[in-house]
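Okay, handing you the structure first.
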Amino acid sequence: MTGVRVAINGFGTIGKRVAKAVQAQPDMIVSGVTKTGPSHGCALANRYGIPLYCTDDSPDRIRSFDGSEYSVSGGLSDLLSVSDVVIDCAPGKVGQKNHHTYLEAGIKHIFQGGEKHELTGISYTSCSNHSQNLGVMGTRVVSCNTTGLARTLVPLREVVGEMRVECTMIRRAADPGDSNKGPVNAIKPVLKVPSHHGPDLMTVAEKIDITSLAVAVPTTIMHVHAIVAYLPSGHGLTTADVLSIWENTPRVISMSGSSDGIPSTAEVMEMARDIGRPWGDLHEIFVWSDGVSLDGNVLRYFQAIHQESDVVPENVDAVRALMDIEQDWRVSVDITDRSIKESFS
Amino acid sequence: MTGVRVAINGFGTIGKRVAKAVQAQPDMIVSGVTKTGPSHGCALANRYGIPLYCTDDSPDRIRSFDGSEYSVSGGLSDLLSVSDVVIDCAPGKVGQKNHHTYLEAGIKHIFQGGEKHELTGISYTSCSNHSQNLGVMGTRVVSCNTTGLARTLVPLREVVGEMRVECTMIRRAADPGDSNKGPVNAIKPVLKVPSHHGPDLMTVAEKIDITSLAVAVPTTIMHVHAIVAYLPSGHGLTTADVLSIWENTPRVISMSGSSDGIPSTAEVMEMARDIGRPWGDLHEIFVWSDGVSLDGNVLRYFQAIHQESDVVPENVDAVRALMDIEQDWRVSVDITDRSIKESFS
Amino acid sequence: MTGVRVAINGFGTIGKRVAKAVQAQPDMIVSGVTKTGPSHGCALANRYGIPLYCTDDSPDRIRSFDGSEYSVSGGLSDLLSVSDVVIDCAPGKVGQKNHHTYLEAGIKHIFQGGEKHELTGISYTSCSNHSQNLGVMGTRVVSCNTTGLARTLVPLREVVGEMRVECTMIRRAADPGDSNKGPVNAIKPVLKVPSHHGPDLMTVAEKIDITSLAVAVPTTIMHVHAIVAYLPSGHGLTTADVLSIWENTPRVISMSGSSDGIPSTAEVMEMARDIGRPWGDLHEIFVWSDGVSLDGNVLRYFQAIHQESDVVPENVDAVRALMDIEQDWRVSVDITDRSIKESFS
Amino acid sequence: MTGVRVAINGFGTIGKRVAKAVQAQPDMIVSGVTKTGPSHGCALANRYGIPLYCTDDSPDRIRSFDGSEYSVSGGLSDLLSVSDVVIDCAPGKVGQKNHHTYLEAGIKHIFQGGEKHELTGISYTSCSNHSQNLGVMGTRVVSCNTTGLARTLVPLREVVGEMRVECTMIRRAADPGDSNKGPVNAIKPVLKVPSHHGPDLMTVAEKIDITSLAVAVPTTIMHVHAIVAYLPSGHGLTTADVLSIWENTPRVISMSGSSDGIPSTAEVMEMARDIGRPWGDLHEIFVWSDGVSLDGNVLRYFQAIHQESDVVPENVDAVRALMDIEQDWRVSVDITDRSIKESFS
C-alpha cells in the first residue's frame, strides 16, 4: 500500500467521511486520524483499520486514552511527521491555531469551509479552480453551500460568460445526528443581509457576481437553494440546453419531481440511500429538472445540497492538487468518484 | 344595531375570523354564517350570537341539523335574502358555483385568494386599489401572500415608481390546527417555476413587475418572504428611509431580531399573542428591521406573514368599497383596525 | 379598586398570564410586575396598566431603565412593600435566593413547579389540597404536568379510593415562542428512570402511587400523557362513569377525537383558540373521550396538557388559600374561572 | 449460484432491503422482484442484477414496460414458477388477494406485519417461534414494533417465566422518504385503546400478557417504546442481569445515553449510519442502558426501533424455517447476520 500519506485531523461528521473516501483511492493512504479523547467515535477508526492519534500533543491528553478500549499512536505532531498532507476536519474556529501548527511542521494542509478564505488566501473547488491550487502549500475546500453553487453555476458561466446571481438559501437547522439544535416549529432568517454564503463563491470562481439571503428551517436532511441567474443577453441557450450542460457536469444529478416521484428533499435522500454509499450520502448536487426555467435571460432553478457529504470528494481532489499529482480536474474527479463507487459495490 | 348586513358563507379558518372582525365594526352587522352540517364548529357561531344557516338550500341538508344541538334559520338563499353583501369563505374551487348563486341572487360578493382573479375580473387590497373597487358588484381579496407583498411593496412604489421584484417564498406546510399534512422533515419546492404566487400581486398593483419561487417547509405558524426589489436608479432613499416609509404604513410592523429578541417566526407569533387578538392573530406584516438592506438600487428584506389572518381586515375594507360607504382607503383601514382593537381590550 | 395586592416577580411565559388572570379577579389587584431590564416584554406591562419594578434592588439595575421607553417604580423590595402576597414566576433555580428575600420581607409567597417541594415544604393544586394551604406562609403551585395528573386522577381517587398509576409523558420539546431548542427530528427519552414527573403528584395528593416515564418530541404546543390507572377491585365503575366524573370536574374538558374532529393536539389547540382566551390558552386538561377505556380494574386514557397555561388559574386559587379568603376550593375555582371568562368576552 | 430461489413480490421500502439481505446469503438466491410499472424504483433492481417481473399477469400491465428503460421477464406467475418461496412485500391490504395466488401456485409464502395473523394462522419471529414455523406453507413476519418487543421480552421471559407488560409506543409519523404525511407540529394518539400493537406479540410469544397505548409524533427516523414489565416475584434478577441477558441476545444493542453520547434517536441512527449497512439501517433493537431500571418486580426501559429495517433479517430466517433448511434459530440468525455483515464490508 503506497501513495500520498493523508492525515485527517478531526474525525467527526466530515472527517469520518473524508477518511473513508481517501481510503478508497488508489494513490492515497490514510496515515491516521485524530480524536480528542477515548470516545465512542474511536470505534469507527478501529473498524476502518486507521491508526488513531490524539488531537494534540500534551502528554496528559495522550495519556487519557490509557486504560480505554482505544490506543493511540501519539499526538498530532507524531501523525504529521508520518504524513504528506493533512486535511483539517476540526470544528470551525480551531483553524487559526491549527494553521500555525501545520506551517511549523512544514506540512501541506487543507481546511474546510468553516474557516475563512483569508486563513490560506486561496480556496478550492474541483470544477472551478483546481489548476490554481496545484502545488500550493495550503488551501480551503469551500463549504457545502458554496460547493453546490460552484457545481451548477461554473459550467454555465463557462458557456455563457459573466453572470449575476441571486440565491435564497433554505437551510436545514441541524444535522441528522444532532438532537440539540432547533427550531422545532419556526423559520429563522439570517438577519445579516445579504448573507455571507453566496459571495463565498467568488473566492473560487470569477465572473459570477452573486448575492444571497438565507433562512433556517426545521429539517435535518438537506439545504435547498432557490436560484435566479441573469445570463448575458445573446446567450443562445434553451432550458433543455441548461439541463444538458448539467448532465455533462460531474457531481450534478438532475431528476424530475413529478415523473421520477421526487417532490421533496425526503425523496431525494431516499434515492441517495438507494445508491448505497456509506451513511446514505449524496455527493452530487440535486437539481429538479422540472423546476428549471430559462425565461429570456433569467434562469431560475432549485437545487438540493447534502450538507454532510458534497464536499467529501472535493477534499480528495484537493489532495491531488496540492501534491501536484493530477493537473486535470476532470481526471481527478473521475478517479475519485470511480474509486468511491467501486469501494462500496 | 344597524349597518351593512354581511353574510359570511363558510365558517372555517378565515370565515370565523372575518365574522368576529365584522362584528366589531360600527357600520356593519353579521347577518349570518353558514355551515355544511351540525358539526363542532357551529358552537362558535352560537357563542358569537350569530344566526346560523345551512351552506346550501337542499331540504335534506337543512334537515340534517334537526335534532342536533344547533338550529339553522334556513339555507344559503335565505341568508342572502337578508343580507347586503356576502363574503365567500368557502374552501377553494367552490367559488365558480357560488359565484353563479350570488349573481342570480343579485347580491354583492367578496371572494378569497383561493379563487382566480378571472372569476370576478377584479381583485382587492386595501392599500393598493380600494378606489377601483368602489361600488363594484364582486371582487376577490387576494391571498395572504399577495396581501403581504402589497403591504410593503406598494408604499415603496408610490415613492420610487416602477420596480422589478424577485421573491422567494418559504411557506408553512400546514395550518396550526391541521394534523394531516406534511412533510415532517423535508423541504418541498413548488416545481412550477416561476410560481404563481408573486405575479398575483399584479392583479392589484401596477408598476411592480414581480416573479417568485416557492418552497414548503415543516412549520405551521407563518410564511416568510425573502425579497429582492430593484428600485429605479436615482431613487434617493436610504435603508432608514425605507423603514420610515413602512412605519407610516398601516398593517406593517417592524422590529429588530437582535435588540427586540425576535430572531424567528416563533418569537414573532409570541409577540402577536401578547397583543391579545383572538386566536393570537397578527393582522400586520412583520418586517425584521435589522434584516433590511438597501445597497445601491437593490433592496433586500425578509417579511413574515400570518397566513391565517392578514387578509381578515382587508375583507372588512372590501365591504366598504363594494357598498361605497368609504372612499378613502386610509379612513376605512383606520376604522377597521381601531374597531378591532377596541373590541378585544 | 381594592382587594389582595398581588406582586408578580417575573413577567415571562407564566408571569404575564398570571398577571392577566389576577387582574380579572374581583378580590385581587396586581400591585406590580418585575423585569430584569428595559426589554421588549415591558411593553406588555404598560399595555395592561400594571406598575413595573426592577427584578432586584441594586441601584445600577434600576438605573438601567432610565432613558428607556419604560419607567420603573423601584426595585423588588419596593414592590413587596406595597403587596400582600408575591407570585414568583422567575425562571427555575432562582427560587432559593428569592425565598430568602420573601421570608425577610415577611411576605406570603407562591412558587411555581420549577422549584422543589422542599423549598416550601408544601405544594398546591386547587382540586386536591386547597384546604391544607389555608393561611400558610408560602407554597408551590405544582408543574403543568403534575397539575394535569391531579385534575383527572384526584376526582377518581375520591370515588374509588387508593390507586396505582403508570404514566408515560410525551413532552413538547420547546414552547411555541422559543426557537432555540430542538430536537428537529428525534425522540429523546428522559433516561432517569422512573422520571421525577409523576411522583411529584404525591406532594399534593395522597393515596395515588404513581410512577412515570418521559420522552421529549419535536412539537411545541402540548404535552400528552398516556395513563394506565389500576383501580381497586370492586370499584363498580364503567367507562361512562369515569367520563361522567370528569364532566363534573372543573378544568377538565372531554371531547371525541372522531366525532368532534379532534384527532391530535393540533386540533385541541385550535379548539382552544376558538374559545378566545388571551394567547389562545387552554386552562383545562383535555381528555379524548373515545380514548378512554376501563377494562376490569385497568383504566387507560390519554390527556393533553397546555404547558403554558394550565397552572394559571391555580395560582389565583393559591392566593385565596394563602390569604385565607376562600376556604372552599370549588368556590374559589368558580370565581377564578368565571372572572377570567367574563374578562375576555 | 445455487440455493433456495426467493421471489420478492413488491420492491419498496421493505422489499428492496429484503432483496439485498437475501442476496448476501450463501444458501439463497433472489429469483426476481416485482414492480407495478416502469418507475424509477426499477433502476435499483437493475443495479442489483435481479430479474424484474410485473406485479400482475395482465398483458396490458406487462406491456407497459415496453419502450421503457426497464424490461421485465414476465408477470407474477412467471416469477413464482421459477421460485421456491415468495416474500410478499406488497403494501398492506393486498395480502388477501396475493394469498389466494400463492396458494393456487402451490408456493411457500411469507407476509409482512401489515397483514393480519389470521391470513396465515401463524406468525414468525426468529427468537421466539422459529421451530413452530419449520416446514409450514405460509407465515407472517410480525411488524417492526412486534419484532422489537419480541427481541427484548422473549429472552427475559425465558429466564423469569410469565410476565405482564404495559407498553407506550411513541411512533414516527412518516418514513424518511415520505413527504406526504404529517403532522408537522402535533402529537396524535391512537384512540383505539388499548392499541392493537402490543397484543400482536402474543401471536408469536406465549406467557407475555401485554397491552399497549400508541401516539404518533412528528419525526421520521425511529419508533420508541416506553416499557413497564412486571416480572414474577422471586425472579432474582438485578438491573445488571437484565442488561447481561440482552448482551447475549442477537439483534439487541445496548449503549449509554450519557457516556456514549446517544441521548436521542438522532444519535442512535447516526451510530447506525457509522456501522455502514445499506440505507444506514439498524437491524438491531436499541436499548438505552442507563434508562433500564429494575425496581422490585417492575422493570422499566426504553427501546428504539428502526421501522424500515428491523424485520429484514427476520424475513431471511423465515425462509430457512419454511424451507426447513435450518432448525436452530440461533444458527440461522448467525448465518443471516454474518452474511449481511460480510457483504458490505
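Note that the chains take the letters A, B, C and D in the order they are written out, and that residue 1 is the start of every chain.
In this section, a contact is a pair of C-beta atoms (placed from the backbone, for glycine too) under 8 Å apart; a residue touches a chain by one contact, two chains touch by 3 or more.
Keep in mind the model is a prediction, meaning the values are calculated, not measured.
Q: Going by C-alpha centroids, which chain is farthest from subunit C? Tell me that one.
A: Looking at centroid distances, A is the chain farthest away.
Q: So which has more C-beta pairs touching, B-C or C-D?
A: Answer to which pair has more contacts is C-D.
Q: Can you work out the whole-Å distance between the CA centroids of subunit B and subunit C?
A: Between these chains, centre-to-centre, one finds 35 Å.
Q: Could you state the distance in Å from the CA-based centre of subunit B to that of subunit D?
A: About 49 Å, centre to centre.
Q: Indicate the whole-number Å distance between the mean C-alpha point of subunit C and the mean C-alpha point of subunit D.
A: Here subunit C and subunit D have centroids separated by 43 Å.
Q: What positions in subunit B touch 2 or more of the other chains?
A: Expected reply: 176, 178-179, 183-186, 188, 218-221, 263-267.
Q: Hey, which residues of subunit A end up touching subunit D in the complex?
A: Within the complex, subunit A contacts subunit D at residues 16, 39-40, 43-44, 176-179, 184-185, 220-221, 255, 260-267, 269-271, 273-274, 276, 278-280, 344.
Q: Any idea which subunit D residues touch subunit C in the complex?
A: By the definition above, subunit D touches subunit C via 166, 168, 170, 172, 183, 185-189, 191, 193-194, 211, 213, 215-222, 224, 226, 228, 257-258, 263-267, 288, 290-293, 295, 298, 300-302, 304.
Q: Any idea which subunit C residues touch subunit A in the complex?
A: 173-174, 176, 178-186, 188, 218-220
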